[in-house]
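A, B, C and D label the chains in the order they appear, each numbered from 1.
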Amino acid sequence: MRSERLYRLLDPEASGPARAFRGVHHAMVAAGIGIMIADTEAEWRLAWRIELDIGFWIVCAFFVAEYVLRLAAAPRAPGAELRGRWRSRLEWAGSMAGVCDLVGTLPGALAIAFGPDFGSLFGFVWGFKLVRYAPGLVLLQRVISDARRALLSVLLAFCLVLLCAASLAYLIERGAQPQVFGSIPAALWWAIVTLTTTGYGDVTPLTTLGRMLAGIVMVSGILVFALWAGILATGFAEEVRRREFLRTWDLVAKVPFFHDVGAAVIADVARLLRPREYPPGAIIVRQGALGDCMYFVASGEVEVQVRPEPVVLGPGEFFGEVALLTGGVRNATIVAARQCTLLILDIVDFRELLGRQPDLARIIHKEAERRPGEAARSSEWETRRHRGPRS
Amino acid sequence: MRSERLYRLLDPEASGPARAFRGVHHAMVAAGIGIMIADTEAEWRLAWRIELDIGFWIVCAFFVAEYVLRLAAAPRAPGAELRGRWRSRLEWAGSMAGVCDLVGTLPGALAIAFGPDFGSLFGFVWGFKLVRYAPGLVLLQRVISDARRALLSVLLAFCLVLLCAASLAYLIERGAQPQVFGSIPAALWWAIVTLTTTGYGDVTPLTTLGRMLAGIVMVSGILVFALWAGILATGFAEEVRRREFLRTWDLVAKVPFFHDVGAAVIADVARLLRPREYPPGAIIVRQGALGDCMYFVASGEVEVQVRPEPVVLGPGEFFGEVALLTGGVRNATIVAARQCTLLILDIVDFRELLGRQPDLARIIHKEAERRPGEAARSSEWETRRHRGPRS
Amino acid sequence: MRSERLYRLLDPEASGPARAFRGVHHAMVAAGIGIMIADTEAEWRLAWRIELDIGFWIVCAFFVAEYVLRLAAAPRAPGAELRGRWRSRLEWAGSMAGVCDLVGTLPGALAIAFGPDFGSLFGFVWGFKLVRYAPGLVLLQRVISDARRALLSVLLAFCLVLLCAASLAYLIERGAQPQVFGSIPAALWWAIVTLTTTGYGDVTPLTTLGRMLAGIVMVSGILVFALWAGILATGFAEEVRRREFLRTWDLVAKVPFFHDVGAAVIADVARLLRPREYPPGAIIVRQGALGDCMYFVASGEVEVQVRPEPVVLGPGEFFGEVALLTGGVRNATIVAARQCTLLILDIVDFRELLGRQPDLARIIHKEAERRPGEAARSSEWETRRHRGPRS
Amino acid sequence: MRSERLYRLLDPEASGPARAFRGVHHAMVAAGIGIMIADTEAEWRLAWRIELDIGFWIVCAFFVAEYVLRLAAAPRAPGAELRGRWRSRLEWAGSMAGVCDLVGTLPGALAIAFGPDFGSLFGFVWGFKLVRYAPGLVLLQRVISDARRALLSVLLAFCLVLLCAASLAYLIERGAQPQVFGSIPAALWWAIVTLTTTGYGDVTPLTTLGRMLAGIVMVSGILVFALWAGILATGFAEEVRRREFLRTWDLVAKVPFFHDVGAAVIADVARLLRPREYPPGAIIVRQGALGDCMYFVASGEVEVQVRPEPVVLGPGEFFGEVALLTGGVRNATIVAARQCTLLILDIVDFRELLGRQPDLARIIHKEAERRPGEAARSSEWETRRHRGPRS
């Protein structure tokens, strides 16, 4: 099962040796791009010619080797035991990731064919190898792809405005400035520089009519821009909500506490909880701080530092609700006993939720009453600090 | 019924020969604009004078012919049998589309009156003939028209700021730079270039007071821009929601499965489903992939590739729910047997919906139980892959 | 009651003679601003010296007279019968509107004191007299005022970035370009031009470090801009919803039809209806067109053009629901018999609403059944056109 | 307890002497930044050398003293009586605020080490001392931190586009303009100036291919900008909702009136109320004005100016509902008797709320009936003014 092990090593999600591989990969991308940039700067090129060339060949070799190894380790889709190893390799080579990695070998291939000077010019393609490790880009890509149709409509409108602006500017300005508005392609350059409000200033209208046209073009540019912003803001809000909900649901479904409250409540709660990771030893709440959220343990364990003995809470248990119910401060410091994932319920949502879900409110109130000493101490604090800084 | 056939040929929605006509139409628009641009570039004009003129006349003739044909084929509004053919032609000629097509014959008319050199300058009007084929532009137009009032208010504010800025800049800078700030019209040019943050740099204030004014004008420009973006983002979100819902409802209403669940549920479901088209032979789900949505067949047929015999699902049937319920992977590859429209329910909405609509949940669970082998195989996969890559 | 009549004449909302006054007012504003602009253009000034001066004095006299008349007609607040006429005049003079009108007399006063050349320089203040007639600006003002705190925070962040950028640019660039980066005030000019992405180009960094700083400043500028857009978009969406709801509620409350369905339904319905005005003779729906909304008559009367006799519908009646229920086309042309206000219910919201409000659905269905001929004819049309263009 | 008193004096929230301290603090920040700017302007430096230096030393001394005092007065966290005073000082020194104040002493330290000329160059760090007093910045920081992941993804996309643009521009333009596109670092300068649509104009492409590339880069820049705006708008809307709700809840919970209506209603009401502060003597509603909101007294007292005796309303009472129910004008002027906090319920939300919460509607209607004289007078006014200006 060597290929299996190799696959796991190259997987961006895996841990341990794969993490080390990822570090080397990122360093190679940075080195490759740095070498490309340095190669074009005459001074640096003169001073470190040999070092740059050696570095370039190493980076090329690394990416070629990576491609070959990934091809060898091409994962077989589950349930596809019957299909041959070569077929799955072919599939991977044709996939997005395969093509992307193939492009990464391009500078090397060009360097062999035309010399390293030419090859290093294309080092910027290595930047795209980072995309695989940036899950946020997938989100952006999906937003843009969902809003594809609207964005393209704005682009068509943009092109129509561009064409009209260039034609009219050509008609108006060609008399006054034949050298820069002498043809529509030349006027198009002015139009795009103006419509995007970039405004280099190398070409500006001189006639009064031309300047009025320019004013209208600038305002249209702002409008186009605003349309784009509106489309993407709409799509983004939708996609973020979707993504967050999906992630939280998976965690909520694993907390035994929520099993009792029914599916309708889970959907309601999952919208409000926000997951957060804590490393071992991290202080989650600090005694005496004002409480603005409560926590559910999704995985791992936390330690409540009370006397005489610390209390350990595991998956499905919750804490921090006393300060929310009394409006007071935290009455104990709580520390992550090991790596743990907590689901955080903000005070705002806590109150909304308790108003909407009487069953949940009852469970939480009952639990808070079971911890009477804490509530008592907390309310004592409350009197002293209630009007303190909250900022 | 020749005119009827002609109408259908010219209809942007119709298929077959109309599609071919559309291709020719778009090619003519592109050719016309290309000829207009090439005509103004002295070199190209010298080299291909004859070819450009011939091309221009062909494009003109095409658009004149199109106008005449569309006029001849003017559709009679249903229920208007009593009105004459000429009356409906007159109505079409006065409509938006009729005027738009009439403008398309303008370069030809101008070319006949003043020569092709002059006529070709107005070739950019052909670009607007594409608007008919871009449904997204209708959406944008409606958003802008709904936000008309607010956008005009911002425009008035914009003009007031522009006027103040120009007057003050004239007062402040006319001493230091009489040649560029010598009158308010001249100062207006500076003001609009600055307020839109275009910043050509041909006119810049030199005095300290003038630079402070410029700073305030730039920040106001950004504010105006942001207001515009805010207005359009709001309108866009509203309009997109409207449009999507309308399209989905029409499809949901045709799926027999939803007839049983009542009108209230349909409104609820229609908000969540997203329609997508698949060409024949397209792979819809791939065996072993992780499931993140389920599908309802709105039209067409799909083929589930299971042994010993593939199963065919038609309109009203659904699939893909097993992977959602078990959290596992797809247990069969499903292919579009012919052109089909599927309604996709995302895993996020699936979970929300099942929490809210217990009747629907029961129907889907029952169906999933009827496919026991699949669930079994699926959960087997689940154990192995549950913590795998999800991107 | 002369003062009462005067008040009504000057009221921006009133009709008839007040409308004529408004036209004269707007013309005077335009003339005043035009004269101010022309006065600064040497050529025009030489050619029409006398005309411009006469025009300027007329405009000044008009605005002074307007101020005096408005002061004389100052409305007494209702319930303030006991207070004297002069007290209400004083109150008006101190109000926003009074101060605004007082400022409008400023150019005249300055012209008397220092000559018309100086007075006309301040003609731009007349532009602000239009604000009273632009209700949309009140909306914008409220959005900005509600988001005041957040906008000011962004402004503070903006100023901090500006200060840092200028200080660092001064440190970095003063060696290379002592003439343009020789002091922090000079560097501040560069910083604001860069941070707003205006980029005049009169001052640009030359050192590598300075260019890196410039890159960071530009990206910060975009971020500040985006924050501003985000804040205003949020506020705008909220305010628009508020405004629309308020206007619709007033109309819905007057429709007898909704009196029967209870307060909870009204709040629900008012969110969905959109009011629109129709002048007498306007065609509201055209026979044979596809139906995408239904209408409630809020005021005025409409005429349904059916044979043998047209039917008149008055306030509280509704129409257009048949085409929505059957998905077909309009079966009669409906024309506004006099000026009327209709509440429009979109097909999207119609469907959502009927799913949610069974009582309303029953009333509308019953009414639709009472018009059986129409439904029959409609469904006949439906068969022929159902797959037609819908754009 | 001297340290306790000191702490309260330095606390940004406290009143009285702390307010005076805050004034001095802000004046010192302004003076320090002013001195830094003046120091770099040769003329001013020459004219006021001594004054600037003395001012600089005073400002430095103030900030050093502030740091020492704050360190001495470091607050002990509640519940931490057992920990020593020094430990809490150490904790404060390591906290955000402590580091921020330490940085404020930097210009003084540098001035001692290298002379005041060098020290004053870093005066801009004092600007950051204002951050503590700007609670809005905390909000912005949280929005940015929540959207961290998405903003970084856009930044990565931005960097990739930048790198591609620079590499391609270098390939295309280095032949035509070797002096400005001679290396990739030089091309990167052009790329960032173009991608942010700043457009200084010091470097512009000259070849046709280069200009096409520039057009694409500008449009990409607008897209990046729009993505950023979308992300921040989404995050901002969420955060503002959260913050507002939290603040209002705290106030609503203190109004006895709402205790009777149950937790579910409070959550519903708190979403709609907006708190506002009134100084003593402020006019809250003016007799005869149109009513567009009602008020709940959260703290303080208001005086209803009715005859024969003014009525005083205290915490938990409400007023202004009569005008909302009848749609008429205010029947009495109401003035803040002392500093008071009112919760404002807009007419829009009032109507929505009464539709949704029948219990609340009953309480408010009953109260309004108890004030029959007012309602009668109000409805008399209503008839006369109902169609009046509402703007």
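Definition applied: a contact is a pair of C-beta atoms (placed from the backbone, for glycine too) under 8 Å apart; a residue touches a chain by one contact, two chains touch by 3 or more.
Keep in mind the model is a prediction, meaning the values are calculated, not measured.
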| item | value |
| --- | --- |
| Equivalent-chain rotation between subunit C and subunit B, CA atoms, steps of 5 degrees | 90 |
| Self-contact between copies subunit C and subunit D, residue sets same or different by half | different |
| CA centroid of subunit A to CA centroid of subunit B, Å | 27 |
| Geometric centre distance via CA averages, subunit C-subunit A, whole Å | 38 |
| Residues within subunit C bordering two or more other chains | 185, 197-201, 225, 229-231, 233-234, 237 |
| For the subunit D and subunit C complex, residues of the former touching the latter | 33, 36-37, 40-42, 121-124, 127-128, 130-131, 134, 136-137, 139-140, 143, 158, 185, 189, 192-193, 196-202, 224-225, 228-229, 231-237, 240, 286-289, 329, 331, 346-348, 351-352, 354-356, 361, 377, 381, 384-385, 388-389, 391 |
| Subunit A residues within the subunit B interface of the complex | 11-13, 77-80, 135, 138, 149-150, 152-154, 156-157, 159-160, 163-164, 166-167, 170-171, 182-185, 188, 194, 197-201, 204, 208, 211, 214-215, 218-219, 221-223, 225-227, 229-231, 233-234, 237, 242, 245-246, 249, 263-268, 270 |
| In the complex, subunit A residues that touch subunit C | 197-201, 229-230, 233 |
